[in-house]
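Here's the structure, in structure tokens; my notes come after.
By letter and in written order, the chains are A, B, C and D; residue numbering begins at 1 in each of them.
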Amino acid sequence: MTETDTTFYVRYAETDTMGIVHHATYPVWFEEGRSHYLRVRGADYAQLEAAGYLLAVSELQARYLAPARYGQQVTIRTRLESLRSRSLSMTYEVLEASSGELLATGRTKLICTNREGQVVRILEEWRRVLDPDRFSGE
Amino acid sequence: MTETDTTFYVRYAETDTMGIVHHATYPVWFEEGRSHYLRVRGADYAQLEAAGYLLAVSELQARYLAPARYGQQVTIRTRLESLRSRSLSMTYEVLEASSGELLATGRTKLICTNREGQVVRILEEWRRVLDPDRFSGE
Amino acid sequence: MTETDTTFYVRYAETDTMGIVHHATYPVWFEEGRSHYLRVRGADYAQLEAAGYLLAVSELQARYLAPARYGQQVTIRTRLESLRSRSLSMTYEVLEASSGELLATGRTKLICTNREGQVVRILEEWRRVLDPDRFSGE
Amino acid sequence: MTETDTTFYVRYAETDTMGIVHHATYPVWFEEGRSHYLRVRGADYAQLEAAGYLLAVSELQARYLAPARYGQQVTIRTRLESLRSRSLSMTYEVLEASSGELLATGRTKLICTNREGQVVRILEEWRRVLDPDRFSGE
């Protein structure tokens, strides 16, 4: 299973004068999707940071198909797209929770660094957490 | 019951360089507590807005007792403190969900206005929603 | 001139636990670059909205090359990339202001809609504002 | 001079469905006022943190008198209200820049801590920076 769903209400503060959710909110939702993806696997990004490793976003893409509004619940569907030795890519779908309408899609590339900002290999234990199915030792 | 609890994870984007949740995040959490308070009663602030009424924050207070961090779940405990003809006050407690430690307290005063920004009376149906116990027709 | 620069200080609230500016801040900076681009031309996006038109972000891309930190000033360099009848694309560079180091690049596609969310043609007066050099009546 | 002004444009992302600046934006503006207050004195909060000291917000108050909107410039007027051995209080006024209309007022109490979160004395060199006029060695 390299896909997880998390569902929550739109926050009023996330909307703008257009009466819809501001587009800069979606990267925050993607990140919440990533956090959930790890938690479901019994992992925790806070642990990774405590161990001296960071997953930094190096690329972000988003497409906005239909607006989200206050009062709605949204589901963030998060998938691992690829896992390399020093980076990974994840994709996201934002769905209106009751209708299932696709509101937005996204992709982020993350690179693993140490606290000094140097790119490093992703630890094997984290590779197993991120991708238990396809992980093969590489 | 004029008190409700809602619990969610701290978002990474809500933290700052100190490694703790930024203090401007708490008013957003208080607002999420208010939204939940209304939803539990079968109401929805989006409906109130659709009917032409706004509840605008006119005063905000917060006390920060202990930091919240990424990786924690927080519970927002929201209470109706007072309900007047044109305004209401709500209080908030932010608790670390697993330990129950009190992280912050808050209070907001909200005034009811129409779309033109004029202060108006809170509709009776909304008074019943906000405070079913103590509501007495006034 | 279809390129403008605006410079401001990183805000503390824009940073995260990594000690760097959170990646979801950059779309907000891009938007501030767009606002500045219009102001420099004597236009104002608030006027466009008052006239019943919205420019909604339909696509967003960002690449993060080096972190920004609190204490730094950043320059947002905004360019009009293309102007079509119903949409436009703008690109962005985020530079550390004192060194000129390139921290991030971005691109957004915006579509013009009315208040009902229908895609409409961009008004000619706005086309002249957006692209005085290359505008040719189309 | 224990008062400084800084002026900037409202950002579109700071507004909400009401068409006005969301109330949780103001603490961020207050903080930007504090940052400016220090910069004007040749100091930099980033330096204080690099030296191992933090100024953490322990109390926040805000009153909202009139809404701010996208398209407006706001001035944040920041004053040092009191300076004690381990804490300080600052007050804020948010003014619409062109008319001078008072939109909001605020106050924050900040306490000085080390990286472990223990409350410590504010360094003398920082006391001089914060309050050059009234500083008397205490």
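Definition applied: a contact is a pair of C-beta atoms (placed from the backbone, for glycine too) under 8 Å apart; a residue touches a chain by one contact, two chains touch by 3 or more.
All values derive from a computational prediction rather than experimental measurement.
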item	value
B-C or B-D, whichever has more C-beta pairs in contact	B-D
Identity of the chain that, by mean CA position, is farthest from chain C	B
Where chain C and chain D are represented by their mean Cα positions, the distance between them in whole Å	28
Length of the line joining the C-alpha centres of chain B and chain C, rounded to whole Å	33
Separation of mean Cα positions, chain D and chain B [Å, integer]	24
Sites on chain D at which at least two other chains make contact	12-13, 17, 24, 28, 31, 69-70
Complex interface listing, chain B residues touching chain C	12-13, 15-17, 19, 22, 24, 69-70
Complex contacts: residues of chain A adjacent to chain B	8-9, 11-13, 28, 31-32, 35, 39, 44-47, 69-71
Chain D-facing residues of chain B, complex	17-18, 23-25, 27-28, 31, 49, 54, 56-64, 67, 117
